[in-house]
Structures are given as C-alpha cells and as structure tokens.
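Across the two complexes that follow, subunit A remains constant while its partner is subunit B and subsequently subunit C.
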Partner chain A sequence: MNGWGAYEVSVRFGARQALDGVSITALPGQVTAVVGADGAGKTTLLRCIAGALAPGAGTVRRPPARRIGYLPPGPGVYEDLSVAENLRFRSASYDIPAPAAQRHIGEYLERTGLAAAQDRLAGQLSGGMLRKLGVVAALLPEPELLVLDEPTTGVDPVSRADLWWLIARAAAGGAAVLMSTSYTDEAARAARVLVLDSGRTLAEGTPAEIVAAIPGTIAVRPERPAAQDERRRSWRRAGAWRVWLPSAGPGHPGTVTPDLQDAVCVAALRRELADADA
Partner chain B sequence: MPEPLAECAAVTRVFGRLTVVDQVDLAVGPGEMVGLLGANGAGKTTLIRMLLGLLPVSAGSVRLFGRPPSRASRRRIGYVPQTLGLYDDLTVAENLAFSRAVFSAGSRFSAAPSARNKAVPESLRPYAGVCVRDLPLGVARRAAFAQALEHAPELLLLDEPTSGVDPLARSRLWETIGAAAAAGAGAIVTTHNMEEAEECSRLVVLASGRVVAAGTAAEIVGPARTAVVHAADWAGALRLLEAAQIRAVLAGQTLRVPDRPAADVARALAGLPARVSDEPATLEERFFGLAAAGTPAGQAAG
Partner chain C sequence: MRAMIVKEFRQLRRDRRTLAMMIVMPVLLLVILGYAASFDVSSVPTVVAGPGGAAVAKALPATFHLAGTYQAETAGAQTPEAWARDQLRDGHAAVAIVTGTAPGPLVLIDGTQLFDAQKTLQELSALSGGKPVTTASVTTSASVQILYNPELKTSYIMIPGLAGVILVFVGTVITSLGVVRERQAGTLEQLAVMPLRPADVFLGKIIPYFVVALGDLAIVVAVGVAVFGVPFAGSAAVFALGALLFVFVTLGLGVLISSVSQTQGQAIQLAVMTLLPQVLLSGLIFPLSSIVIGVRWIAYLLPLTYFTEISRGVMLRAQPITSLWPPFVYLALLGAIVATLATLRFRAFLAPGTSR
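For the complex of A and B:
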C-alpha cells in the first residue's frame, strides 16, 4: 500500500470504544483531513498514526519517528521558552544543522507574521500565533508525514490563512499531510476526507466522492417541512431548510447542488434514523 | 422598524494611546440574529463588554432596551460563553435550577431533586441527573442553551455557540436560536466559523476597531471574485505564484487566489500547463480581504 496511515484501527479507553475499525491513508504531496465533532476520535486516530499511542487492534504505517512532524492538541511547544528558543531547541533535538534550520525558520517566521514575535515567550502568544508556531516547529525536520491535530480550531480567519499556507507548503514539498478539523468547509479543501462520528467512519473519500455517494437528492425549503416523514429528514442551513429526499431524482423542484456539509448532515441523519428505527 | 434591543452609536473605546473600538454603530432588533466577525484584536470583545455595561465607553453611546446598560437590563439577556458557563460538578438539572434561582429573585435553589428534574426541557431529560463534566459536548452545549434561554431573555449573546459540534448538531442548535428569534428575541453571535456566520440574518465585520462591512453574507461577499488555478502540477503552480508574490490557498488539487484577476494569475503561471477560472469568492475569502485591509501589513494579531 502506498502512503502512510492506519488500517482497521480500534482503541478502547476503559468501557469507551474511542475508535472502532477506522482506516485512513495519507498520500505524499496531499492533504488528508479527518473531520468530526469533539469526542469523535480524531485525536486518538492522529495519536495512533503519529506513534504517540499504540492501538488495541489494527495496523499503522508510518515513517521513522524522526521523519514525522506532529502537532499534538494543546500548545505543542514550551510555553516558557521564547519563539526563537523553541525553534532552536526543536532543531537541535532533530539534529538539524544550524544553517539549514535557520534558513527554513527565517522564511516561515517571515511569511506567517511571527518574525516580530521571535523574542516573546510562547505562553504569551495569542491562540492563532501559538498554533502557527506549533506548525512551524512540526515542519522543521522536513517530515515525510506531517500530523496536525486541529491546527485551526478557534483561530481567526487571518491566522487560519497563514496556517493553510504552511500546510500547502508542506504538501507541495512532498509531505503527506494529515490534519484534523471540526470545520466541514475546511475539510472540503483537502484532497481526501475521513468523516468520523463516535469513533466510527461515517464517510470517506475525496469531497466529490462523499457528496456523490448521497442517495437521492437534497431540496431547499423556506420553512421547515410539516409532514413528519420529511421533517425528520430536514435540517436548518443558512436561514432556510434542507430536506434529504432519498428516492427523488435530480429533477425534483428546489433541488440544490450539495456540498460536503450537506453530505455529512445526510450521513449523520441516516445513522440517526437507522438508530431510531432499530 | 421596532426599537432596537441593543444599540451602539459611534461607540469608541481608547486604552492609553490605542483606539480599540472606533466609532462603531451597531443595532440589533427583535427577531434579528446579528453575527459579529473580526480577527483577534479587532475589538469584538471590547464592544460586547461596553454593550453589557461592564466597561465604560470613551465616546459615543450604548443603549440596552432603550436605556443605558444596568444590572436590571442584564437580567433580560441570555448569555452562552464559549466555555459554556455551566458548573462541571453539578448535574444538568442542578445547573438549570441554580440559574433559575439567580434570575428569579425569591425562588430557592434547594428544591427537591424530583421537582428539579421535571423542570428540565424534554430533550435534555435523559441527562437531567448527569454531571456536566460527563456530558458529550453536543449535549453540554444544548444544556448551556437551555440555561441561557430559560428566563425568556429578549437579547441573546452567543460566543462561538456551536464550535466543536458536527454539522447536524450545529444545525439543531441553530434551530433553537432561530426559534428564539422567531419568538421576538434578538441575538448577537461572535464567531470565527464561516458556516456559523452564514446562519446569521445579518453580519457586521470589524477590523482594527472599525466596521468595515455590514449586511447579509451574500451582500458582504458582493461581487468579490477568486481566481482558481486548475493544474495537474499544483505544487509547481504554488511555487510560481509565490515567486510572483501571489499568495494562494490550497483547495483539494486546486489553488484559490482571492482578490486577484484571473489574467494576473495566468500570467504568473506562464509556461505551466494550467487553467485559471474566475469564480465567486467565499465569505471567508472576502472576510480575509476585509480583515487584511483593516490591519497594518504584517501585523495580523493572530
């Protein structure tokens, strides 16, 4: 198999099944996104792939530890070291020769607005700056596999754009980038997406494949449908209502072109309806 | 138009030599859900604090329900902070009973547990006796909404109200906000999440303390366009664009360049097999342009 990733990985914490037979592949030169709510198992899956946690079952394929860049949840850097000290320390710990490290560090800091904050303690940075520093630190070993745990959560759109620049840069350089997010619109930017829900795979594929796999069509209604059957297959979006019509064709009135967010809603609805009818 | 529930007129706040909020006008009427967008440091938190009367204004005026903010006006507000504002060690029923006691002078917290459980909304009933710390996040968010809505507030203040939940759960939370608005409440929602912003009836974008755009999401995006690069060698395209000082954002196997004519982008890619199309900008792309315009170059606050 090409690329890095996990195959039918399961993890149990006490009575809780955190991951249940989840598979994912991260290909070199691509961004692969894991999307799901808090508690869906994203962090557990990424920890398994980064080598921070041994799965209870299944296999993981990853490069040697020193070729992995990993941004864990939380700061991922030392909060009582400065920005520059953190990066020097990280370079030294990977045995990166100083001139090589310095070249990359300078450019990354410049391009992400961190240069002016080089001497500030990491613990004094804003949330967005701290995430940028964490990603820059993870990029230092020029990893073959870059694993980023929610790099953009709670980060404002300006810093998010800087983070996406770093991510694109890593993928353009040939790294396999595996990132998690709770934003569906962000996941839609990845080449491949895994949608996790309560430790299980809800959908997997390219965003287009996931959208194409929706049975039937989705229609927009100005009001919430009154009929019970349609009502339970409807959800609110952008001030209007969307209804999933599993057996309608594309010619149905009010049909919209669905996106990944619609596809994830339908997948969650199908599971909810199946559980309710069981 | 009915009288606004909350109104800021030319509100300014200065800290030392720094003007954090600069002549901001903002009005929220009954039934409106107004999204407040802005990069960190844009002045959102300072504005909200002045609106609540927690921080005096340097200039301009703030009115809540037609009067200057006061303790009495705060009673008519329902607030869901990002951290939810629930006590982790109390059950859902205890949290709701406690906030009910706080908001209705004279009622007592020490009601019998059975009475407390009955007062929990139907959808949360299965979790009435569960400590907040043991709730899944989606349920905890619903409990925080129930707590904020219980005293029938006329104005809701919601800080990233649906962060960390899946899209279907987010849609269900917005049903609750929409129902409160349909019943006549107003809402102010601060968020970084564009999917959440699109649920608001109106948006106000702040940059460096000023209002740089206001209107519906569609009005704010307006005619803004994004050049989209389709190239088999997207990494090569990215390098060429960087060499031309053009910043692109990766989207699948395409590159998106907001606010740049497709012809400029095509010129920078000369020699590389690529197709450049001109497409409508997304709200996030438009926001980025607005935030960057309002921020001194290279000083994005993060």
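For the complex of A and C:
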C-alpha cells in the first residue's frame, strides 16, 4: 500500500466509541482533509496517525517519528519561550543540523510574517500567529507525513492564506499532508477528503467524487419546507433553506449545483435518517 | 448564594482527590503522627567497654539498653575508649561507658542524639543525687563527656536535616509541576510525537533542577555553617554523594507526581502530601527510636530519613562512608524505583502502543 494512514482504526474512551473502523490514506505530495463536526473524531484520528495515541483496534502506517511533523489541537509550542527559542528546541529535538534549521526557519518566518516577532514569547502571539508558529515548527523536520489538527480554525483570512502557503509548499515538497478542518471550503481544496460523523466514516473520496455521489438533487427554498418528508431533509444555509430531493431530476425548480458543504450535509442527513428508520 | 453552594459541592464531588485530602488525610495524619509525635526516649542504646564492663552493664538503670560490649579479641589494637568513640561516631550507640580509666569510669554521650543525651543526663543526675550534670563534671565518680555537640544545641542537629527539608520543598514541589504544565499547555501531545525516548524526557526534565538544587544545598549548608556555627567535621565528598542521591530521588519523585496528575493543583496537593510525613517522620524532629514500630516503617520509605542520617553523620560526627553505607544504598534503591516508575509512566503517554 502506498502512502501513510490508518486502516480500520477504532478507539474507545470509556463507554464512548470515539472512532469506529475508520480508514484513511494520505498520499505523498497531496493534501488530505478530514472534516466533521466537533466531536466527530477528527482529533482522535489524527492523534492515532501521528503516534500520540494507540488505537484500540486497527493498524496505522506512519514514518519513523523523526519524519513526522505534528500540530496538536493546542498550541504545541511553549508559551514561555520565544518564537526563535521554540523553533530551536524543535529542530534540536529532531537532530536537524543547525545551518539547515536556520535556513528553513529564516525562510518560513519571513514568508509568514513572523520574522518581526522572533523574539516575542509565544504566549504573547495572536491566535493566528501562534497557529503559524505551530505549523512552521511541524515543518522543520521536513516531514514525510505532516499531520495538522485544525491549523486554520479561528484564524483571520490573511493568516489563513499564509497557512495555506505553508501547507501547499509542504505538499509540493513531497510530504503527505493530513489536516483536519471544520471548514468545507478549505476541505474542497484538498486532493482527498474524509468526512467523519460520531466516529464513523460518512464519505470518502475526492471532493468531486463526494459531491457526485449525492443521489438526486438539491434545491433552494426561501422558507423551511412544510411537508414533513421534505422538512426532515432540509437545512439552513446562507439565509435560505436547502432541501435534498433524493429522487428528483435536474429539472426540479430551484435546483442548485451542490458543493462539498451540501454533500457533507446530505451525507449526515442520510446517516441520520437511516439510523432513525433502523 | 444557594446556587454557588450547590455548584461548589458539585465540583468538590468531581474532584475526588481534594475530597479524599479533606476527609481521609486529616484522620490518617492524626493517627500516624499521633504515634510518631513523641520526644520521649524510653531506651538509650548504650555500649560498655573496659574491665568489669559486664558488671557495669548489669548495674545500669533500665533506660539504658545494651547495644554492644568491647571484645578484646575482635578489637585488635584498639583501646576500649577508642572503640567506644567509634561506636558513637558510627551511630551504633548514643552512650558509651568506658571503665578502667582514671580517675573513674568515663561516660561518653553522643550530643547529636539530642533526646537520648538529655535523657542520659537526667538519669545520671538522678544517680548523683539530683545535682545537674554537665560536661566534664564528676558524678558518682564518673566523668561525663558530651561529644560532637557539647552544648546540646538544637541548631546543630536541625540544620543538617533542614537542608534536606528545603530541598524536598524546592525539589518535589517545583518539579511536580513540570509534566502537568506540559499536559495543560498541550505540549505533552507534541512531545509524544517527537523522536524523544521516555528516559530522555525524564532526565531532560530533571537535570536542570538537579543543578539548581545542588547549588541551593551548597548555599544552605554554607549559611548553616557560617551563621549558626554548625560544624562540618566530615568529608565533603561523602556529603556530596549523599546529596546527589537524595536530590535525584527528590526530583524524580516530583516528576513522578507530575506524571500522575492532571492539573497543577493536583500535583501541588500530592507534593505537599509527601512533604508533611517527610518532615515529621524522618527523624528530623522526633527521634526515630521514639516512633512506634507500626509507623516507623514509613520513615524508612522516605528519602529524607536517609539524608538526615547522612548529613548529621558527616557534618557533626565525621562519620566515614564505611559505616554510613546503608543509607546510601537505600537512597540509590529509592532513586532506581522512582526513575523506573516515572519512565514507565512517561512511556505510557510518550510512546503509546509502540516500542520505539
């Protein structure tokens, strides 16, 4: 099997099944995204793959620790060390030769606008800057597998662009990037997407495959549909209501071209309805 | 206000450790310390040496229990008095009675066993008809000599042990925050993924504090000697070796506490819980021999017990390592246990399910 990832991984925390037989592959040179609501199991899955957590069942394929870059859900850096000190600690822990480390550090800091903040304590950085520092630190070992837990959540648009530059660059450099996000527009930029819900796989594939897999069509309605059947299959989006019509053709009034977000909503609805009927 | 009270009780119920500390600890401490808290000396270990020693031993009041007799065959060229002095120096006895000396028998008292010494003086005073006994005074025709701490100063015996208490305080409490801080800051997660071995993390966490703590100890001892006039009679190298082992155990204990705690508050609670018994049971305040046997064994699990023994022995009596080796061995053993447990704990969250 090519690439890194998890195969049929399950994790249980006490009575709660956090992951239930989830598989994912992160290919070198590509960005693979994990999307899902809070508590869907994204963090647990990434922790398993990065090696911070041992799965209860299933197997994980990962490079040696020296070739893994990981951004945990928290800052992952020491708030009482400066930006430069944090990066020095990280590169020393990975035995990266100082000149190589310095070169990378300088370039990354310059590009992400952290250069001016080099001597500031990490704890004094804004949320976006802290995330950028975490990603830069994860990139230092030139990882074969880069695991990023919600690198862009709560980050301003400019910093998000910086972060995406770092992520795209890592992938272009040959790293297998595995990131989680709660934004479907971000996931749509990934080569492959895994949609998680309550620890189970809802959908998996390229964004286009996931969208194409929606049966029927999606229509926009100004009001919430009154009919019980349609009501169950509707959700709010951008000030209006969308309804999933599993058996309608493309000629149905109000039909829109679905995007990844619609596909994720439909996948969640299908699971919910199936569970309710079962 | 009612809402606040309910909320507080709810939180307290969740925080099992605090609850246990509030309910179980006071009872436990009272029982343990109640048995330990005793300055009363009921039996003073005594050796006799010289001609007619056996008769003297028989005639001794019940307080003095015979811990050894000079044997000419095994003593070699050593005189009875030299042998008796060695017995005191090596901590085998608190009192030595040497007969066959002029003008009368010689009673040697170890001044570092403060309570034993005081008890002995009381007994001697009773024997001599109520006159207070002081150094070199002649009673019942015996001459009395208090060794190592002739004025029976409390500071002499407290300061060597206090140096240890200060280290326990600084060492255990401060290092107990080490891992918890990483856990709370989320950096532990990062360490788990990084190519570091559990032993690297454990030693890496300890060594900086180790250096600081040893410097700290040197300062405390220097101040004790300079300000309180406590003698430093023995070998600095022996003392340093003891300090090294003791600091290692103390810091390792802190890291171990840290690795089993979820929050900084819990870590400090646990560290303080190890502190109180160390201070009260280590022989620093209450003499070990006065502690009931059922409680005394706890003292032998505490590193401070051994450090107090080493520091008093070396600083005050110039005790050589040849007779002081048991506490060194116990400290090394405790150190090995603590380091193993901490490394195992580290492995559990630093290398989950792998053996890298």
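By definition in this document, the second predicted complex is superposed on the first by the 278 of 278 C-alpha atoms of A that agree within 3 Å, B and C clash if a C-alpha of one lies under 4 Å from a C-alpha of the other, contacts with A are read in each partner's own complex, and residues count from 1 in each chain.
Following the convention adopted for this analysis, a contact is a pair of C-beta atoms (placed from the backbone, for glycine too) under 8 Å apart; a residue touches a chain by one contact, two chains touch by 3 or more.
As the structure is a computational prediction, the values presented were derived from the model and not from experiment.
Clash-free side-by-side placement of subunit B and subunit C is the outcome of superposition onto subunit A. More residues of subunit A lie in touch with B than with the remaining chain of the pair subunit B and subunit C. Between the Cα centres of subunit B and subunit C, as seen from that of subunit A, there is an angle of 100°, stated in steps of 10.
In the superposed model, A:221 makes contact with neither subunit B nor subunit C. When both complexes are overlaid on chain A, the residue A:261 reaches subunit B alone and has no touch with subunit C. Once the two complexes are laid over each other on the shared chain, residue contacts for A:93 go to subunit C alone; subunit B is not touched. After overlaying the two complexes on the shared chain, residue contacts for A:75 are found with subunit C alone; subunit B is out of touch. Of the two partner chains placed by superposition, only subunit B is touched by A:125; subunit C is not. Applying the stated contact rule after C-alpha superposition, one finds that A:116 touches subunit B and leaves subunit C untouched.
For the overlaid pair of complexes, the smallest distance between C-alpha atoms of subunit B and those of subunit C rounds to 6 Å.
The intersection of subunit A residues touching subunit B with those touching subunit C, taken from the two complexes, is empty. Listing the residues of subunit A that touch subunit C in their complex gives 47, 50-55, 64-66, 68, 70, 72-79, 90, 93-95, 147. Contact residues on subunit C toward subunit A in their complex (touch as defined above): 185-187, 189-190, 192-196, 351-354, 356. For subunit A in complex with subunit B, the residues that touch the partner chain are 29, 31, 36-40, 113, 116, 125-130, 132, 153-162, 164-165, 167-169, 171-174, 182-185, 188-191, 197, 206-207, 235-239, 261, 264-265, 268-269, 272. The residues of subunit B lying in touch with subunit A in their complex are 38-41, 136-138, 160, 163-169, 171-172, 174-175, 178, 192-195, 198-199, 201, 217, 234-235, 238-239, 247-253, 255, 282, 284, 287-288, 291-292, 295, 298-302.
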